[in-house]
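Okay, so subunit A shows up in both of these, paired with subunit B first and subunit C after.
Entry: the complex of A and B
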C-alpha cells in the first residue's frame, strides 16, 4: 500500500469517526434532556424533605398541589371547602417556631423542635403545618398527609406556573407553551408577507446596483445581537404599541412577535431570493415568449418553481425565532397566564428557561421542570425541521 | 492543594523548606473565601478592593451564587464567610448544629426596597395591606386606592431574584404573587417599564431610584407613612428594609474578623452608602 492509498483510507476513517461521534453526542444530549425531564414526575407534590402535618382528628387524607397553594395563600380558609370538617384552617410554617418558642425550649441542637411542632398541631384542630419530615415522622399526636408524586396531567395540562411557591410548587406548562405558539404564529404572520415581498423585489424587480446596496443592509440585520434588538424593543416598540392600541401595558405578545419577525426576516429574504434566482432563464423566457407580462411570469412561473426554497426559508427563519430567548424575555412582559389576545403580556418557554435556570437548585423539581420545558421546545423545533424536510423533498423533481 | 505541594517538595533542602513553609503559611492566615448573595456581592467586592489596598498581603476571593449557595458552602467548609440577603433559615441552622458548627451572624448593611409608580400617577402613598392586595391581584384599578380610573399594571422581578423573595415575605406575608404579574429580568427593565407605563407599579432597591419614577410612601400596620430614604431606613421608620448578613464559623474568627471590622468601620460604611445601601449608623 502506498502512501497515497494510506492517506485516503485514513481520511475516510477520520470522516466516519467524526460523523459517528457527532451523532452519538447528539443522541446523548437528547437522552440526558429526557432523563432529567422525566425525573420531575418522581418528585413529591410537597418540597423535598418536607411534609404536611395535620391534627389527628382531621379526616383529610391528601391534598392536590393546587389546594395546598390555595390554603397557604389563605384563599381556602375552611376545611369544609375541600370536603373536610367545618373548621377554620390555620397554617404553620417552620419559621414561626422561633417566634413561638425560646431557644431553650427548642433545645440546644433543636432536638425538641419536633415536640414543639407536634404540640402546636395537636393544640389546634384546623392546623396544617409545613415542616421537615425528619422532625415529625415519629410524633404521635399528629398525622402526616399522604405524599403524592407530581402527576403528568397536572404539568402538561396545568395552567398555573408557580415554580418557587412553597409548600407546593405548581408546574402547569400550558401558559408557557401557548405563549410560545402565539408569539411564533404572529411572527410568521408578520414576517411572511414582508419577507416574500422583499425577496421578490430583490430577485425580480430591483436592478443590480440597488440589489448590491440592499442585500448587505438586510444581512446586517442578521448581525444585530438579539439582546440589542430586545432593548430596542423595550425602548421603542413597547411604548409605540402602548400608544397605538391605547393599552394599559405595552409589553405584549405582539411586541415579541414584531421583534421575532424582524429576526426571521433576513433568513426568509436571503433563502427565498436565492431560490427565486435559481429559476432557470429558459423558463422565464418561455413564459415571456407566450405573451405573459412580467408580473404574470413572477407569480405563475418563478414563485411556484421556487416555492420549496421559499418555504424552507420561512420555516428556518421561524425555527430560529422559536428558540429565541433574550429579545423575547425583554419585551413580552413574561406573565405566566393563558393568553387571550396577542395584545396581552405572555411568557414563552425559552424566556422561562433563561430567567429561572440560574437559581433553580440542581436536581430539584424546579430544575427538572425546566428540562421538561426544554424537551417540549425540542419537539416544537423538531416538528418545524420535519416540515422543512418534507417541503423541500416534495418539490425536488 | 498548592500549599501541600510547597510543603512537601523542599524536604531535600531544610533551609528552603523553612522558607517555603513560611510563604505557604503566611498567606493562609489572611486568605479568605467569601461566597453568597448576589445582592451583597458588589458591596463585598468594593470593600474587598479597598481592604486590599490597606492590607496588600491579604487575599480575598469573592464569588456570588445566591444566599442559599453561600450558606450551604459554609456548612461544607468551602467558604469562610457566607454573604446572605436574608436571615439564616431554620432548616440551615439545624444543618449547622447537626454538623457541630457554630456560626456567628454580622449585619453589615441594610437594603431598602422602594415601591415605584409612574411620575404621572397622583397616588403617592399606600399601606402594606393595599400593596398586598395589588400584588396579589385583589385590587386591579388605581381608583380603588384613591387614584385615577386606570388599570394597575404590576411589575415584579423574576422568581430567581432574592428581591422577589424578600418582597413576597415582607409585603405579601409569604403568599404568592398573582399569576398575571409581569416579571422582568432586571431592575433596569422595571425602571424603564414603570417610566413608560402610566398605570405601572413595581419595586426596586433604593440605590436604583431616579427622577424618572416616583417612589411611594409606605405604611405598615399601625405605623405612619414614610418615604423610602436612607435616613428613614436607618432610623427604622421605613418598613421595607432588610438586613444584609455575613455568616462565619466561630473558629475562623481570627481569620475573617479584620475584613469584617473594616467593613463595619466608618470607611467601610461609607462604601456601603456609596453603593446605594443603607449604612448601619
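Entry: the complex of A and C
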C-alpha cells in the first residue's frame, strides 16, 4: 500500500515538473538570447583591441561608427566636414607600416612599431591611424580618441549593415527588418486569396470525395521541408522570374515571397477551414431558408461567424513567413541593403543569422549582434502568438 | 451589397407574381456559379503547384536514385558518390530528438489534461506551449548554440543537435497528447476510479492505451517535422562534409536537409552537384511522404478499430 502511494506521489511530481518544461524553455531562451544580445552594447564602436590615434593638434573629441567608416572609405576627406579643423584627412592602417619601414626599423617583434606609428601621426596634422591599442598606448606624441560604446539608437535605426567592416563595423538593422517585412507582406498578399479560396472551398463547396483528396494534399504541402522548397525555388522559380521580368539576377524578394506563400498556405487553409466548419449548421440552414444562395450564406453568415478563426490563421501564416529561414536564405539573394523594390535581392533577419553566425567569432560584437536579431525575431513571433491568443480567446466568449 | 439595392425585386413582390426564375434569382445563381468556379480554380492551382513541385523533384531525382547513391559516402568534393552519412545522420538526429521530446512531451500532455487544475495556470502553460511552437526554427538554432554548444560545452555534436530539434518537436507532441486525452470520455476515468484504481493506475492502464493511437500519430508527424529542419542544426550539429559515420553522441554528423542546402548553394562545382541535389531532395521527399502515409494509415486503422468495438 505504501509503495502504491509513493508511486502516486512520485508520478504527480514528475508530471508536474514536465508540465512546466515549455515555460522553462521559453525562459531559458529569453535569458540566453538576451545575455548575448545585451553584450553588443558594451562593445566599443572600434574593433576590440584596436584604437584610433590622431595628432595632438587635432581637436576632434570622438567619432561615431558611421563617421569612422566614411573616413576610412575616403568619403569624408576633410576634418572640416565633421566639424573639425580645416585640414585634409590622411588615414593610416597597420598594413601600411611594413611598406614604410624596414623590418630592422620595426624591430624583430614589432617592439619599435609604436614609435614608428607615432612618428607618422606626429608628422601629419590630419592623420588618423587605426592600430592595435597595445602598440600605441604609451606613446607621448599622439592622442588616442575617446571610444564610445555602440549605441542602441545606431543599431535599431541605422540603415547600414556592415558587420565585418573595419575599423568600425556597422550594425544598423533597418535593411534586414524592412527586407523581412517586404518579403512577408508580399507572401501574405499572394497567399491570402488562395488560402481563403481553398479554405472556403474545402469547408463549404467541395463534396466529401474531393475533400478526402485535397486535405491530405494540403497536409503534405505542410510537411515538405523548407530546404526542399528553397531548392525548388532555386531550380525553377528563380530562373523563371529572371526570364519573365528580364532581371540581372533572379534571386529576388519576389522569389522569396512566392516560396513563403506556399509555406504559409497550409496554415491559413487548415485554421481557416476549422473555423468555418465550427459554424453551426442551424445558422446556415436559417440563412438558406430565408432564400439566400449558398454563396450569400457563405459571405454573410459563415465568414462573419468564423472571422476570428480565419484571422488567427492568417496571423499564424504571417508568423510562419517571418521566421522562415532556409528557403528565404536560398532564393532572396541576400543583399543587406535597404530594399527599393520587390524585384531586387534583399535579405531577411532569419537569413542573416543563418548566413553569418557560422563566420562570426563567438563572443564578438558580430556574434552578439546576430543574437540581438534573434531577440527581435523572438519578440516579433511572441507578439504574433499573443495576438492569436487574444483573437481566439475573444472568439470563445 | 448592391444585390439588396431597392431596384432589385423584393422577395415579397415575387411571391405575388409567379415569374420564376426572377432576374434577381438568376443573377444570384450566376454570381454563385462564378464564385464557386473561382474557388475550384484556385484550389486546383494550389493542388497542382504541390503536385508540380513533387513531380519535378521525383522526375529529376529518380534517375539519380540507386543503391550506390544510398549506401556510399560522398566523393570527389561532393560531386559524386552517395549520401549515406547524411541519411544516417538524419536518422540519428530523429532518434535523439525522439528520446528527448517524446517522454517529456507525453508527460507534459498528461499533466495538462489529467492533473493540472483548469484555470489560469493551465492557460498560462498552454500559452507558453503555443508560443514555443511559434518560435522560428533559427531562434532555436541560436538558443541551442548558446546553451548546448557553448554554455554546456557539448560542442557541435549529435547530442546538441538532437536536444535542439527535440525542443522544436516538444510543442507538437504536447498538443497532440493533450488533444488525444481530452477526447476520452470521463466515464472511463470514473469507472476505473470506482473500481479502486489509483489515479496513476487509471492513467497507465486505461487512459493511455486508449489515447495511444492518436498520440502515436502525433509522434510520427513530429518526427516528420524534425527530419526536414535545417536551421536548428546549422550551428549545433551539422557537418559540411564528413565521410565517416558518427560513432558517439559527441560527434558531428551530416544531415539530409543541410546536405541539400550545401550541394545546391555552395561547393566546388555547382553544375556537377546538381544531380546529387535532386537525389537528396527526392530522398527527403520520400521520407516525408512515408511519414505522412504512415500517420494517415495509422489514423484510419485505429479509427476503424474503435468503431468496430
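Rule of thumb we're sticking to: the second predicted complex is superposed on the first by the 374 of 397 C-alpha atoms of A that agree within 3 Å, B and C clash if a C-alpha of one lies under 4 Å from a C-alpha of the other, contacts with A are read in each partner's own complex, and residues count from 1 in each chain.
The rule is short, and it goes like this: contacts are C-beta pairs under 8 Å (C-beta built on N, C-alpha and C of every residue); 3 or more make two chains touch, one makes a residue touch a chain.
Only a predicted model underlies this, so the values are computations on that prediction, with no experimental measurement involved.
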Report for A:74: first if it touches subunit B alone, second if subunit C alone, otherwise both or neither.
first
I'd like to know which partner A:234 touches here: subunit B for first, subunit C for second, both or neither.
both
State whether A:291 touches subunit B only (first), subunit C only (second), both chains, or neither.
second
Of subunit B and subunit C, which one touches more residues of subunit A?
C
By the touch definition at the top of the document, which applies to A:389: first (subunit B), second (subunit C), both, or neither?
second
Once the shared chain is lined up, is A:93 touching subunit B (first), subunit C (second), both, or neither of them?
first
Counting only touches as set out at the top, which of subunit B and subunit C does A:2 meet: first, second, both, neither?
neither
Identify the partner contact of A:330: answer first if only subunit B is touched, second if only subunit C is, both if each is, neither if none is.
both
Just to be sure I follow: which residues of subunit A are touched by subunit B in one complex and then by subunit C in the other one?
234-235, 330, 358
Complex contacts: residues of subunit B adjacent to subunit A:
66, 68, 89-91, 93-94, 97-98, 136, 150-151, 153, 158-161, 165, 174-176, 179-185, 189, 192-193, 196-197, 199-200
Could you list, by residue number, the parts of subunit C that touch subunit A in their complex?
3, 11, 28-29, 31-32, 35-36, 38-40, 42-43, 45-47, 49-51, 53-54, 56-57, 103-104, 107-108, 110-112, 114-116, 124-125, 127-132, 134-139, 141-143, 145-147, 150-151, 167, 170-171, 174, 198-200, 203, 221, 224-225, 227-231, 234-235, 257-258, 260-261, 264-265, 277, 281, 284-285, 288-289, 291-292, 296
Sort out for me which residues of subunit A touch subunit B in the complex.
69, 72-74, 93-95, 97-98, 108-110, 113, 132, 160-166, 175, 234-235, 238-239, 242, 248-251, 329-330, 333-337, 345, 347, 355-356, 358-361
Which residues of subunit A touch subunit C in the complex?
4, 7-8, 11-12, 14-16, 18-23, 25-26, 28-29, 32-33, 35-36, 193-194, 197-198, 200-202, 205-206, 214, 216-221, 223-232, 234-236, 262, 265, 269, 291, 293-296, 316, 319, 322-326, 330, 350, 353-354, 357-358, 362, 370-371, 374, 377-378, 381-382, 384-386, 388-389
